[in-house]
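Shared chain: chain A. Partners: chain B in the first complex, chain C in the second.
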Partner chain A sequence: MTALSITILAGFLIAILAPFLTRLMKHRAAFVLALYPLAVVMQLLALQRGSFTAPSIQFPWVPSMGLWMTFTLDGLGFLMGMLIAGIGTLVILYGGEYLRDDPYLERFFLWVIIFMASMLGVVTSGNALVLFVFWELTSISSFFLIGYKFEYESARAAAWQALLVTGAGGLAMLAGLVLLGQITGSFEINQWLQNPKLVQESSLAPAAFILILLGAMTKSAQFPFHFWLPNAMEAPTPVSAYLHSATMVKAGVYLLARLFPVLGGLALWNQVVPWVGLLTLVGGALLALGQTDLKKLLAYTTVSSLGGMVFLLGLGTPLAVKTAMLFLLTHALYKGTLFLVAGGVDHAAGSRDIRKLGKLAKLMPFTTLAAGLAALSMAGIPPLIGFISKEYVYESTLYYSNLPFILTGLAVLANVANVAVAGWVGIRPFWQQPEQKDEDLHLHKESVWLWIPPLVLAITGLFMGVFSQGAAQTWVAAATSSVLQEISKVKFSLWHGITPMLILSIVTLIIGVVVYLTSRTLIPGLAAFWKKLSFVGPNLFYSRSMRAFLSVAGWQTKILQSGYLRYYIITIIVTAVTLAVVTLATRYGRLPNPQWTQPRFYDVIFIVIIITSAILVTRAVSRLATITLLGAIGFSIAILFLLYSGPDLAMVQFAVETLTVILFVLVIYQLPKYTKSNYPIQANVLNIIVSVAGGVMMAVLMLLTSAVPSNSTLAPYFMENSLELAKGRNVVNVILVDFRGLDTLGEITVLMIAAIGVFALLGLKKGSKSGGNR
Partner chain B sequence: MLFLMAIAAGVLFAVGIFMILRRSMVKVLVGILLLGYAANLLLFNAAPLMRGVPPLIDPVMGVPADYADPVPQALILTAIVISFGVTAFAVVLIRRVYAVTGTGDLDNMHCTDIPCESEEILSDLEDEIK
Partner chain C sequence: MQRSIILPVATRYLMPLMLVFSIFLLLRGHNEVGGGFVGGLVAASALMLYAISTSPSALWKLLPLDPRFIAAIGLFISLFSGFIPLFYGKPFMTGMWIETPLPVLGKIGTPTLFDVGVYVLVIGVVVWILLEFAEDE
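After this line comes the complex of A and B, so read on.
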């Protein structure tokens, strides 16, 4: 396991190096980069000799908080890992050709490999928090890959939407995982699996379950969160094939399967999960029938299939779980192929509209072969593996204890849609005449690396069906065993005799072919129907809530960030006054009585000067008058300092006051003139009320604080130690230059900075806007 | 005396706040100065007011029996000097803003995120396209 996890984590390093390699080798870098997933495949296959499991290893992450990076592998992880690394190899090779002349090819490689490493991290992490980190990394790489063609508004919007939906779900999931961690006291998933009772008996378990289910539903595009997946088709086709069909969207299914032993025992599981899955299964299938775009057709059937997997896991019987695991494998094989085929068709014909495409078989024989095989598998025709998978689906529903006929009926309905779509995507563009003539189509031949990867995938599907007792059987058995936490035997075969399932399969196929043939009337009809229903669709809800969100943000910014200084200050003062009044009114029953000494006659004179000058300042019409009044206030305060035992204060105040007046007089004619500002009356009244309130509050606070007896120990300390320690007799000076010398150093620094600022501003030439003496 | 001091400080605070709510930049600066005076008075009154007993150590008598608290005085001393630095910087800054923008009215400078000029340019462009 050590070697495997190091290989997986090395992916992040390789991803960072990929752009440099791409600059060096152009699109041929794909052949080098594909070695990375190939190495993972090899290592996984080597582990297959054992029991598909590897002993878990731990790297310390935050050991002091009990956080370890645990990596582990079991049958489920193996199955997912094989899909991720195996299809990943093909997608890198395909992508190198598909985006051959694209200027941003290096970004494709970068993000695809980051995605690959993260996704492998998701399926091999044994710690819930590590799993969450990788989970979010897949969302982020999906964001960048959907927005690959960032010049297009639609691509950016789709990327944003996918990130918001899956990111929000991821946060819900994190909350759920943390709850589980609280219940069990550990974030090691193994610990959870070993004590399912602990979780199931907890009262927090339903909340944890719902939160985790939300994470899985958003990631795996379950109704009502399915809408982001079809929109994500803005991504280049190899990305759609890889992330949005074969691997990433299965992370939700993986999570549910992984936690099945813990959460599957809850009553809620059987009440919620199957219905979510069923709704998505049927809804996705019906939505698919109204599409004409190859990728949209595939996207909606992917939604439907993901619903199917969730539905099967929700049923929770051993048979259903086995079927879910088989379906997981099968779906990745045929849907991945069909996506890659769609990309090849788009590349060769320049269109993805099934009405315009036709008779491509001669032009692209190998693509036709791959498409045909995948379509047969999707339609569930023997000897392809899709057939076995469909038989199992019917068996699971038919033998379920609750409502077996309704469930089976709906499954048949979804499969009928799958048959039709398989035909539309995999057969019709290659063999039939196009429905509409399109002069814009520029047909050219298929390129080698655009048909090899889908053909490899399609042939894998064929082999897995024909030799169903080989790899498919062992892998599915291993995955099922780890989901059910007990050794499960699986035996696949193509022929079971005449069974109800076989009859259902034949019925499905017949109806499917009928639907396939009626496309000319069915597609526009259904499309119009869905369009009429779109006003209740979640996509509209999404865009409405985004718009509402933005307008709320704009509204509150307009209120909070007016850009007018006075509104900020009014807010501050009103808040401060309110808080002070509330505190005084509620905390103190009896306010202390302030005590004061008799003022002398000349004290009163200076106080009166201060008050009168201050009030006159508000009425002053010239700048000079203002400065004079300020000087009067400053000098009066200095004299008050002098009278009340502060000679040093008085001296400094005199000096600074003189300097200030000189400064003002020097620059006064360069300052803006006072102009008559036309305030509305109400605004002025508000200003006056606010300032009076502030002044009254400060005066009251001052009286109250002085009424509290001061028993400062600082003053005696400074008085006694001033001479002894600092050899100074002026205690205020000693405090400044000795006891608190460092503060004074700070003060000097501030003055220096102010001086430099003044100097720099004065140095600027009058007209220059950008500064500097040019 | 304290009562009168409190009234003086209160008036200074009120006028200071009133002045920084004005539209003229110079008046805002005056408001800041007034608030500085008010804060100094507030600090000064934090210790009991005493007459004629500065915190000095007599060469002969040593520490006097009665003295004004030196700590608020040290704080005020710092505050006076710093507020002078702020004033000097603010004066030069206002002079510069006036020289560049040609206005002393804060209502002409209320754009937060985007400079007003670019907003105007954008709307001009839109008009041209129409």
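After this line comes the complex of A and C, so read on.
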């Protein structure tokens, strides 16, 4: 496991190096970069000899808080890992060709590899918090990949939408994981799995379950959060194939499967999860039938299939879990292929509209072959693996204890849509005449690296079907065992004799073919229907709430950020005074008596200077007079600091006052003519009230503070240990750079940010004027 | 406008003195009054004095680096000083000191380096901000 973890984590380093490599080698960098996922595949395959498990390893993260980066591998992680790394290898090769002349190819490689490493991190994490970190990283890389064509408004909007939806779900999930951590006292997932009773008996368990389910639902595009996935088709096709079909969207399914031993025993699980899945399964399928864009068709059927997996996990019988795992594998194989095919078609023909495409078989024979195999698998026709998977789905629903016939009927309905869509995407563009003539199509031949990856995937699907007792069987058995936490036997075969499932399969196929043939009337009809219904759709809800959110933000900004310095100061002072008065009023009886000390005569001198200057400032008629009087105040305060033994403070105050003068000298010529503003009398009264209130409040607070006897142990501690521990006699400076050094680090960072802000405000305004001398 | 000769001539002597003084403040900071922050402010005043007495563009030429880089380098030095203890298996920002004091500099340790970073950053930030306000006439 150590070696595997290091390989996986090395992905982040490789990702950072990828742009440089891309600059050197152009699109050929793909051949080097593909070695990374290939290495992961090899290491996983080497582990296959054992029981697909690897002893977990721990890197210290924050050991003082009991946090360890635990990595572990079991059958479920193995299955997901194979999909991620295997399809990842093909997607990198494919992407290099697909985006060959794209100026931002390096960004594609960067984010795809970051995604790959994070996703592998998700499925090998043994610690819930580590899992969460990787989970969020996949959301972020998905954001950048959807927004890859950032010049387009639609791509940016889709990227935002995906990030906000999955990000919000991720936060809910974090809360859920923290609750589980509170219940069990550990964030090690293994600890959770070993003590399911502990969780199930807790009163917090339902809350944790719902929160985690929200995370899984948003990530795996479950209704009503499904809408971001079809919009995410703005991403380049290899990204859609990889993130939004084969791997990332399965993270939610993975999470549910991973926590099935803990949460599956809750009564809520059976009441909620199957229905969420079923709604998505059927809804996605029906929505798919109204689409004409290749990628949208695939996206909605992906939503439907993800619903299917969640539904099966929700049923929770050993058979259903087994089916879910098989479906996970099958779906990635055929849907990944079809997405890659769609990209190839788009590349060669310049369109993704199924009505405009046709007769491509001669032009792109290998793509046609890949598409055909994947379509047969998706339609569930033997001997492809999709057939076995569909049989299992029917078996799971038919023998379920509750409403078996309704569940089976709905599953048939969803599969009918799958058959039709499989035909529309995988058969029709290649064999049939196009429905509409389009002069804009520029057909050209398929490129080698655009057909090899989908063909490899498609043939894998074929082999896994024909030799179903090989890899598919062992992998699914291993994954099922780790979900159910007991050794599970799986035996796949293409022929079971005449069973109810076989008859259902045939029925599905026949209806599916009928639907396939009626596309000319069905698609526009359904599309119009969905459009009519869109006013209740969650997409609209999303855009409405975004708009409302932005207008509230705009409204409060307009109030709080008026742009006038005087209003800012008034707001700050009034808020501070109100808070102080309220606090003081609630403790009225317990306030200490202020202590007075006799002021020395030189104190009085400076206080008089300060008061006189302050009054004169308000009457000053020129800028020079104002700045001089303010300087007098500042320097007098600095001297007071000095008199009351604060030399460090005094020095800083002196330096700041000096710099203020310099600043003033620099800007004096640029300022507009000083006009004594004649505020209306009410405004002046308000100003006077606010400033007097601020002054009085500060004075009272100072008096009260100095009257409280200091019983803090902090000051003596610093005084005593400054020399001993930090080797310095100037306690103020020792506190700044050593004892509270982290605060100082934060403060100087803020200083830097402030400078950047000033630069942004002034530098941009000056524009090219200042460009000459830098 | 007629320029006064007094300020440029005074600056020629004042600026180096102030810069030396700022370094003095920085180095004595750990034991006596002073420190990186105030030292940086003094150094920045010295540089700005030069900018006023000659011209902002003259200061641009005088600086070895863009003040933005100076500020960034300062932040980096401070951050880096915090990382040094990590190499010795100690928590971030643990103060570590060289056993024997060096001549002139005195005792040197990671907090000293941290303070140097603050000093450099303050010079960079202040000069940067003030030069943004300044314009050549």
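The rule is short, and it goes like this: the second predicted complex is superposed on the first by the 564 of 774 C-alpha atoms of A that agree within 3 Å, B and C clash if a C-alpha of one lies under 4 Å from a C-alpha of the other, contacts with A are read in each partner's own complex, and residues count from 1 in each chain.
In the analysis below, a residue touches a chain if its C-beta (ideal position, glycine included) is under 8 Å from a C-beta of that chain, and two chains touch if they have at least 3 such contacts.
What you are looking at is a predicted structure, and each value in this text was computed from that prediction instead of being measured.
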Partner chain(s) touched by A:V62 [first = chain B, second = chain C, both, neither]: neither
First (chain B), second (chain C), both or neither touched by A:S645: first
Residues of chain A touched, compared between chain B and chain C (which is higher): B
Contacts of A:T744 with chain B and chain C, given as first, second, both or neither: both
Chain B versus chain C as contact partner of A:T658, first or second or both or neither: second
Touching partner for A:V552 - first (chain B), second (chain C), both, neither: neither
First (chain B), second (chain C), both or neither touched by A:L560: neither
Chain B versus chain C as contact partner of A:T618, first or second or both or neither: first
Contacts of A:L579 with chain B and chain C, given as first, second, both or neither: neither
First, second, both or neither for A:Y669, with chain B first and chain C second: second
Touching both chain C and chain B, counted on chain A across the two superposed complexes: 647-648, 652, 656, 659, 663, 667, 670, 729-730, 732, 736, 744, 751, 754-755, 758, 762, 766, 769
Touching residues on chain B, where the partner in the complex is chain A: 1-28, 30, 33-34, 37-38, 40-42, 44-59, 62-63, 67-71, 73-74, 76-78, 80-89, 91-96, 98-100, 103-107, 110-113
Of chain A, residues touching chain C in the complex: 647-648, 651-652, 655-656, 658-659, 662-663, 665-667, 669-670, 725-730, 732-734, 736-738, 741-742, 744-745, 748-749, 751-752, 754-755, 758-759, 762-763, 766, 769-770, 773-774
Residues on chain C engaged by chain A in the complex (per definition of touch): 25, 29-38, 41-42, 44-45, 48-49, 51-52, 56-57, 60, 66, 68, 71-72, 74-75, 78-79, 82, 92-93, 95, 97, 107, 109, 111-112, 114-115, 117-118, 121-122, 124-126, 128-130, 132-137
Complex contact set, residues of chain A against chain B: 561-566, 569-570, 573, 594-600, 603-604, 607, 610-611, 614-615, 617-618, 623, 626, 630, 633-634, 637, 640-641, 643-649, 652-653, 656, 659-660, 663-664, 667, 670-675, 677, 679, 687-688, 690-692, 694-696, 698-700, 702-703, 705-706, 710, 712, 714-715, 718-720, 722-723, 729-732, 735-736, 740, 743-744, 747, 750-751, 754-755, 757-758, 761-762, 764, 766-767, 769
